[in-house]
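Note that the chains take the letters A, B, C and D in the order they are written out, and that residue 1 is the start of every chain.
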Amino acid sequence: MENINDDIEAYLQQVVEEEQNHDHDGSMSSFMEEIGMADKEMFGVCVTSSEGKVRKGGNADEVLPLESVSKALALALALEDVGAEKIFQHVSKEPKGDPFHSIAALEEGDKGVPSNPMINAGAIAVTSMIQGADGEERFIRLRDFIRRLADNPAIDYNHDMYEAEEKDLNRALFYYMRSHGVVSGSEEDSLLPYMKQTSIEMSCVDLARIAAVFANNGKAPGSDEQLIAPDNVHIVLTLMFATGMYQSSGEFAVDVGIPAKSGISGFIMAVVPGRMGVGVIGPALDNSGNSIAGMRILGKLSKRWKLAAFSSH
Amino acid sequence: MENINDDIEAYLQQVVEEEQNHDHDGSMSSFMEEIGMADKEMFGVCVTSSEGKVRKGGNADEVLPLESVSKALALALALEDVGAEKIFQHVSKEPKGDPFHSIAALEEGDKGVPSNPMINAGAIAVTSMIQGADGEERFIRLRDFIRRLADNPAIDYNHDMYEAEEKDLNRALFYYMRSHGVVSGSEEDSLLPYMKQTSIEMSCVDLARIAAVFANNGKAPGSDEQLIAPDNVHIVLTLMFATGMYQSSGEFAVDVGIPAKSGISGFIMAVVPGRMGVGVIGPALDNSGNSIAGMRILGKLSKRWKLAAFSSH
Amino acid sequence: MENINDDIEAYLQQVVEEEQNHDHDGSMSSFMEEIGMADKEMFGVCVTSSEGKVRKGGNADEVLPLESVSKALALALALEDVGAEKIFQHVSKEPKGDPFHSIAALEEGDKGVPSNPMINAGAIAVTSMIQGADGEERFIRLRDFIRRLADNPAIDYNHDMYEAEEKDLNRALFYYMRSHGVVSGSEEDSLLPYMKQTSIEMSCVDLARIAAVFANNGKAPGSDEQLIAPDNVHIVLTLMFATGMYQSSGEFAVDVGIPAKSGISGFIMAVVPGRMGVGVIGPALDNSGNSIAGMRILGKLSKRWKLAAFSSH
Amino acid sequence: MENINDDIEAYLQQVVEEEQNHDHDGSMSSFMEEIGMADKEMFGVCVTSSEGKVRKGGNADEVLPLESVSKALALALALEDVGAEKIFQHVSKEPKGDPFHSIAALEEGDKGVPSNPMINAGAIAVTSMIQGADGEERFIRLRDFIRRLADNPAIDYNHDMYEAEEKDLNRALFYYMRSHGVVSGSEEDSLLPYMKQTSIEMSCVDLARIAAVFANNGKAPGSDEQLIAPDNVHIVLTLMFATGMYQSSGEFAVDVGIPAKSGISGFIMAVVPGRMGVGVIGPALDNSGNSIAGMRILGKLSKRWKLAAFSSH
């Protein structure tokens, strides 16, 4: 792809430096503060073309937990495993603007059914449908799927972080859904895999590679190996576009126009179909929980390379 | 465009006939029933390529009111008139899944600020920002803008329908927003233009032509006349994609994948950037208020011609 | 009644002085600030026994607008005029904890039906049911009813205040209810009487006299003239007890235990059935909109004289 | 008390017979249906004066589970154990009209804090504050307290019913509150006692005796033994009055006017301070979950003996 040439790396380095000179009013998530893994001055970006060319700038190799970015990946595997029809009997597909951790929304309309797979309740239900004899197998299959997408067999979850995580709110979501028959099974088998997946760690380089699989219509970049079916790629990207950036999803779609999923670690994974995957990091978050630096960098790339979904080029 | 060839008309005729053989459980909106302008057996579709080729099937020339489809067109004019920055100080851009007539949502978060331009409150605020010395001028400018988009100087609003319309709910939305400073001016100047715009009448052929302007990046199909700025096209299409189909917007985005706006008359206007505009009619509505036949027809076209936004082709 | 003896006045003077020595963190309502009629250092209390003995302390003769206290009085007249059955077809009787100006609550459950007569929407609906050929007559009848209750023919509304009042939010409530058939008639006939009633002015002495009518089971204190039917007294007091103190109604009921209605002017009207009526003033408000001094004074009286509803004595 | 004389029993028998001749449209709770303990034709009432005279009619000796009636009794013990100040740091006192099982309400305002002790979340929090080294001791202390109130050492919980109960919804409420620090401890220690208490079984005679303790200002009827402090009696009765009848609490307060607590088994416990306690049974429920026969019988008693709280007599 013509956009991914040698000048790109210089440009990526430039946008990272621009971030370093910005004030970052936002604060890191309290969980990331506690864990002490990141600081607000960490900025990185990696762009991987759908053919597999990699260009990066800043702290693109720094390893952090996926947090909510994992929701998009678990959805992809669950779609592969049991198919869209089954998934969407248990989870709806509607952008609702609910806070990601909201339990109130579960009580409205179709009782216990989460509005979409990008909020916690929806992601819990989705991950519980990944195939596996028990919670452990479910998680291992997801981890291995992510390793394949990233082409990195070293990827794993951070045990300490998993232990430290507040679990009661997710338990509340789980039992509320189970009381309405939306999820089934024990906490160990059906909820724990979700809580582990958010602690899976990787770098912007890994993230960009995974995004490039989506950009390449589900094939490993520069290969013919189909890792995700094209129909499932479309579903994940559509839901990322409409609901991937928490309560600023609409604003990001209008202003930047790229399917993206953010996490409170400061990661954003962004996908430009047919062109490139992007991973960015910047732990200072805005009020919606999105990386301030990450959104600004993606905005600049979108403008420079005309990446917005509904501009015809 | 290769997709719009002579065989298309036969295919469009076929999908219309398939609708005629379907049961249509849905009912027409009570307002359309009262008005007596449509019946459940009216089905039509028109496809106009971005180059301006027109192909149609069924009752594509039947004239009906735009209803909520007008929201997308008023947004385009308001963006042209006063710019995105001003518009989005008064209206947010977030898909929320609120019922289109909801007033409760105005009380949450940013008081009085509608979540997006595709719900009634948001559309009222948007239309009140169209330039004009008074309500009459505001409406005339919108009507003339729509005439230019459709290339049809005969388009006007239906006076009887406008008179018959229930106005109190929109008044409540208007005064609630005015009490919070989101709209200003009198009912006559700021609210009535919105209530007239929903009674503007046209056919699927007109609608497809307008959609083709959006598909052609804002230029009149087959011409270089720029009727809408490309940035504004992107904004309107993004909001249509995320919020255009009432409370089934996410489902339609996943299942069909085309930016679209529906109205309770049974119209859907759909836009495939760079390729084509589509107008469909089918007055029987599902629970969300979307044309059952219209959604099914668009689903078939999307599948046949691979029109979904995030499938790379 | 033994409680209302000559020592009482000294005690009332004492509690007022205790208020003068308190810090009052709360602020006056912005509307009262604008109007400039009151200051935070105004404290007054009047106690009138059900036999008509009057004892007072502090600024008990200062005249201020009733604001929401008027809701209890309009309810009494509407009950007298058209009866409970008709009233409660249009307004529910449930404490809901909605903010007094909430419009969102109207959209839930029984569409357009306010949860109770002590929130704005409910009070608008109630006042619109007072008998009268038009809005003017409706208001005059209410004013005259209040004059009789207070035994003070000089009571009237404050024209400047009425003019200055923000009216759009109440318009929104009115039109929302009218769109659902809960209220009918024009803004002038059905809404304006409510907006005037909140500007009716009086002193704590007037207020205590009115409260004493309720305390005397609807009879003028020290007389046999039945001004309000006993059944209607019971209804008004019950709704005051459960919903009269905005979002702190439950807390006040538990802590003080007396049916009471507050207004943002700083008034509270309180009724101890069979014993006494109380009027208190103190314009500094807590977060719920209740007079800080007023609640504290009532708390002291309740404790001293064992006035709480469900303590048996 | 003069009201409780020998004619009373005849009258109670009469109101029960009137119920037998009524159509009962309402249905039993699905849980009671499953358990098969009751039928819709079971009607009973018992009145116990504050001096301890007992009069009864119909199936007043039939034994059924307390269900939500237990919330009022657990509140009384928790108040005795740790005091009002501590209780109301964790639970609010506001009538809100939330469905009894609502979790959404916990997400509003003061996060995780239930609006009052008469909804499930509030009752869970209250019971978790009863003193005890663990869940078992907490429950035993509550059971023994109830035995003393009823003067019946045979009272216990129904093991089968406890086993059969759906527990996930209460788990969701518990973990949601625990995630916000409103409750603490394990499911076994802090949640299970609540789930057992709803299965405690008794008859209308027991219930009326307990109610008579409340009516007698906390003393055992006909004795000087203070089982509940008067201040705590007032708190429990106030909250029963404002929130004890689910979403019809306001309507019942207006129409009947007696502090009461209902349960989905069909029980209502009602207290007339200084006069009498009442227990009624009738398993057919209205839409709010209150016993249809129970409410009608209490309405008749209230009218006959002028029991409404704010009628002065």
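Rule of thumb we're sticking to: contacts are C-beta pairs under 8 Å (C-beta built on N, C-alpha and C of every residue); 3 or more make two chains touch, one makes a residue touch a chain.
Since we're looking at a predicted model, the values are computed, not measured.
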{"item": "For chain B and chain C, chains touching each", "value": "none"}
{"item": "Number of hops, chain B to chain D, where each hop joins two touching chains", "value": "2"}
{"item": "Taking each chain's C-alpha mean as its centre, the one farthest from chain C", "value": "A"}
{"item": "Chain C-chain D separation of Cα centroids, rounded to whole Å", "value": "32"}
{"item": "Geometric centre distance via CA averages, chain D-chain A, whole Å", "value": "48"}
{"item": "Whole-Å separation of chain centres (CA-atom averages), chain A against chain C", "value": "54"}
{"item": "Touching two or more other chains - residue numbers and ranges from chain C", "value": "none"}
{"item": "Residues of chain A touching chain D in the complex", "value": "102-108, 166, 168-169, 171-176, 178-179"}
{"item": "Of all residues in chain A, those that touch chain B in their complex", "value": "50, 92-97, 115-116, 215-217, 230-231, 233-235, 237-239, 241-243, 247-251, 253-254, 257, 259, 273-274, 308-313"}
